[in-house]
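Just below sit the structures, each encoded as structure tokens.
Here subunit A shows up in two complexes: once beside subunit B, once beside subunit C.
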Partner chain A sequence: MTAVPMLELRGVDKSFGPVHVLSSVDFTARAGEVTALVGDNGAGKTTLVKCIGGIHPVDAGELIFQGTARSVRGPRDAALLGVEIVYQDLALADNLDIVENMFLGREVLTRLRTLDENSMEKLAEQALASLSVRTVRSVRQHVVSLSGGQRQTVAIAKSVLWKSKVVILDEPTAALGVAQTEQVLDLVRRLAGQGVAVILVSHNMNDVMKVADSIGVLFLGRMAAQVRRKDVTQTQVVELITAGRSGELGLSPAESSGAAV
Partner chain B sequence: MTAVATADRPRLGERLAAAPWPELAAPAALLLLVVVFGAADSTFLTTGNIEAILQASAILVVLAVAQTFVVATAGIDLSVASTMTLGAVVLGQVYSSGAGIGWAILAGVAAATAVGLVNGAIVAKGGITDFIVTLGTLSAASGLALILADGKPQPVLSKFMLDLSASGIGIISWSVLVAAVVAVTAHVVLFRTRLGVHLLAVGGSTDAARSTGVRNVRVKMSVYLISGLLAGLAAVLLVARVGAAEPASNTSFLLNSVAAVVLGGVSLFGGRATIIGPVVGALLLASLVNGLTLLGVSQFYQPLAVGIVVVLAAFLTRFQK
Partner chain C sequence: MDQTALLFLVLVAMVVVFTVINPIFFSSAVFANILQDWGPIVLMATAQTLVIVSGGIDLSVGAALGLSGVVSALAMRELTASGQSAWSAMLLGVLVAGAVGLAVGLVNGVLINRVKLVPFIATLCTMGAALGLSLVLTGGTPVAGGPAGSIQFSSKTYLGMFTVPIIVVTVIVVAAGLYLHKTRFGRWTYAIGSNQFAARGAGINVESHLYKIYALSGLLSGLAGMFVYLRLGSGSASSGVGQELSAIAAAVIGGTSLLGGVGRLAGTVIGAFIITGVLSGLIIIGVQANWQRVVIAALIAVAVGAQGLSNESLRAK
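Right, the complex of A and B next:
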């Protein structure tokens, strides 16, 4: 474990008008680890992710990348810092092939300003190979012909290709069957194995307990606790999600009930 | 394992559905027409007649390519033919004012490009439906053409323009060559450049394109600009062919440009396009009209025939995924 986390959030506040969605949230994601972000519906997971991605600039608090506080005012700032968000809908263009999708908006050009198809094909294949992906037959397949798991694979490989430092996966297994879920979780582990700080947003306790190194639990806009996976049981995590506390862990009784008001 | 094996070999029905019917429709129909007309009339396949067909399709090829760019982004340019008319009239007016033919051509192309720019700005930046915007510019451009020309055709007697349509290499006249160059260039732009990938992305998956950082507004503006520019080129070919700049509305060119695009298997929902398809579509429409004329079918029947062919082609796109 490196001393300086890849990404650290300190005291992040976010309101939409009178509604406090996040209050004083601390959160840490380390390179080479999978950090799960869990919480009930409306706990603020999506908002937190969008704050990191620069879609919702924070009202107060600090975003610290590799030990340096940075201001993230928009998606471009986040992209420059190496943050990649893989949304549930994946943002893939169905009518284009895998290579075109992986390079969309960042195409490699030849000196004549035409597309350098050979280089792009090679880089795409390398990115997939580095994740030991064998489920994709050809990088020239159109995305529309891919299964849900394969699409997720392409979206994740894209973040490898662009050497992202922080990759946020939003419910990557939500629409997948058992076998494909297994494949994607493997992929998530391998992605972290490449030194990426992976943040896994998920509802699925099995997935979280299986792949996470660290678990951050949001409860009504507060970080109830961020715990090491090996220190907790699934029951404790579920209690944190539903009540904001579990024994010694989590918010104080006053906070957990007060937050609901 | 058996389940995997059967899954890998698609059933006949699936394979039929997977075949690129829309792309194959135009070449197949063109072949059929050539065989039928060739058998029915011995003059159809003479070099003279082939030259005439190519000559007649040159303008439509350029317009169909223009339309393809817009349709690939899930838009439509209804003003393409009136823009051409306006370009032709501006060309004629500038030429008759005593300027050289080079300046006249430049002015005509610039006028048409300006219409494209206006279309693009209103559609992309204003966020107004392409159908309405280009319907408006259709009317505005043809109105402007009538005003400028005072409703009268302006003869353009220039050796350069005469040569453009009357001479060339063998049976390939210069205007056919211009159309061919336009088509080849368009193919390269569509499949070998960043703009090409981006416009297919915008057409097929607008949201994905936007969230990936593709500049949708800029892409949309470019296609209307390209459409206007090509309409200007078509205007030059039109004036060369007719020998005059006429402010007449060229509605059949508009319908045929859309028809060629549909015949060429380009999806009107965007995101799926070729250049060769619409070019073959344009050749098909020109051959159809030419063949019917040779067979002595009254020209009143020609729009009917074109309409039937287009609807049949559109029917084939039902097989499209």
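Right, the complex of A and C next:
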């Protein structure tokens, strides 16, 4: 906990017209850890993620990467800083195969400026192997033929391939069965094990309590609390989500009543 | 079985059937004629394949062919009247035809990217406008008076069936195939047609890519216009009417999916051979020429139907 966080948000504000979606949000994600981001529908999770990803530039506040404040004005800025978002609806192209998807937009070219399929295939296999993925038969399978868990695997492996520093997973297990959820959570841990700061956006308390090192709870656009997982019980987290406070933790009674929003 | 190989078998079967009914079909004269029909169709079908793979459609290819044929005919007539050589006139013709096609394609790009029209409507507009413009320019009469000897030049065959324009077309189509299947441009085209959201997420500039695709489609159609001019020795507004149907048919028969993201140029090339071969074959075995459109329509129905069935069996697996 002594090291400088990979990503730190300080006092982030974001409004859409008159709607104040985020107000002075602080949030920290450390390398090698899984940081869960939880909150009820409309609490601002997606907006916060899109602020980090540069899709919605922040109105006020700082985004600090490895100790340095950076301006993130668009997705390209975020990508240059090593931020990768794996969306819930999985931005994979069905008609392309696994290799083609993993390298989309960043294809390896030969000296003749043609696609270097062999190199890309090898690198893709290495990335999958580094995560101990054994569920994918061939990297030349079209994505359309993959199961939900396999798709999630491909999306996560893509971030390994690109040596991302911050990987944001948006509800990675929402559409998965029990066994596949297990596999994906394993993958999330291994991803963090590679020194990545993983941010896990989730509704599923079991998942969060199982893999997170730290939990940030959003309540009506405010960061109710960011706590170490081992310091809290699931009940406390649920209270934070639904009421914005739990005993000593969380927002003051006035704030949590929603008056400030 | 590989889809391209299957298509090739269909093509071979077609040749066999027509030859059995009328042995004249299997001759270099007929093949030369089919190739002359194939040239402009395969250029437009190549354009169409790029566009359809990207998830769009280009209805303006035939009208772009007509307009570029007319405008380059007018330009060549001027140059010839001023006493320039046939070669310089034909060179100018190629440049003008390409430029006019390119312009039509860029208008499509603007309508799709800026005005936010869906490709079907955008290219329907340019199709009407380009046809109308070529009628305005010519009053509906063919524009002749271009370089002398252009027909002789373009119809002189080598090995009994290959003309210079056909060789040029073949080189262009092979280059387009490499571009589509071996480069980043091609990969992005498939990605955009498959999932535009994913393509954007991967940092691809979808708008600028679509400009390139429609511009290329227009350029290829413009060159098809020059091909037709060389064959007929005149430019006519009506020369491209209905040709978009054949171009789309060739791409679709070749396995290109109208849903986007799927297609191989080799399939399109064979598809164009099947279309032009069937049309010539029907004439040779004595079917009235007016049946042609009906036959093309039926071929599209069969090809798309077969695709749908094979997709369903894939999903059922």
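FYI, the second predicted complex is superposed on the first by the 255 of 261 C-alpha atoms of A that agree within 3 Å, B and C clash if a C-alpha of one lies under 4 Å from a C-alpha of the other, contacts with A are read in each partner's own complex, and residues count from 1 in each chain.
One rule holds for everything that comes next: a contact is a pair of C-beta atoms (placed from the backbone, for glycine too) under 8 Å apart; a residue touches a chain by one contact, two chains touch by 3 or more.
Note that the structure is a prediction, hence the values are computed from the model and not measured.
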Clash-or-fit label for the pair subunit B, subunit C on subunit A: clash
Touched partner set for A:163, first subunit B, second subunit C, both or neither: neither
Contacts of A:96 with subunit B and subunit C, given as first, second, both or neither: both
First (subunit B), second (subunit C), both or neither touched by A:73: neither
Touching partner for A:105 - first (subunit B), second (subunit C), both, neither: both
Contacts of A:140 with subunit B and subunit C, given as first, second, both or neither: neither
Overlapping contact positions on subunit A, where the subunit C interface meets the subunit B interface: 79, 87, 89, 91-96, 100, 104-107, 109, 113-115
Residue ranges of subunit C touching subunit A (in the complex, touch as defined): 178, 182-184, 187-188, 190-191, 193-195, 197-199, 201-204, 260-262
Subunit A residues touching subunit B - in the complex, by the definition given at the top: 79, 87, 89-96, 100, 104-107, 109, 113-115, 144
Partner subunit C, residues of subunit A touching it in the complex: 75-76, 79, 87, 89, 91-96, 100-101, 104-107, 109, 113-115
Complex contacts: residues of subunit B adjacent to subunit A: 188, 192-194, 196-198, 200-201, 203-205, 207-209, 211-214, 271-272, 321
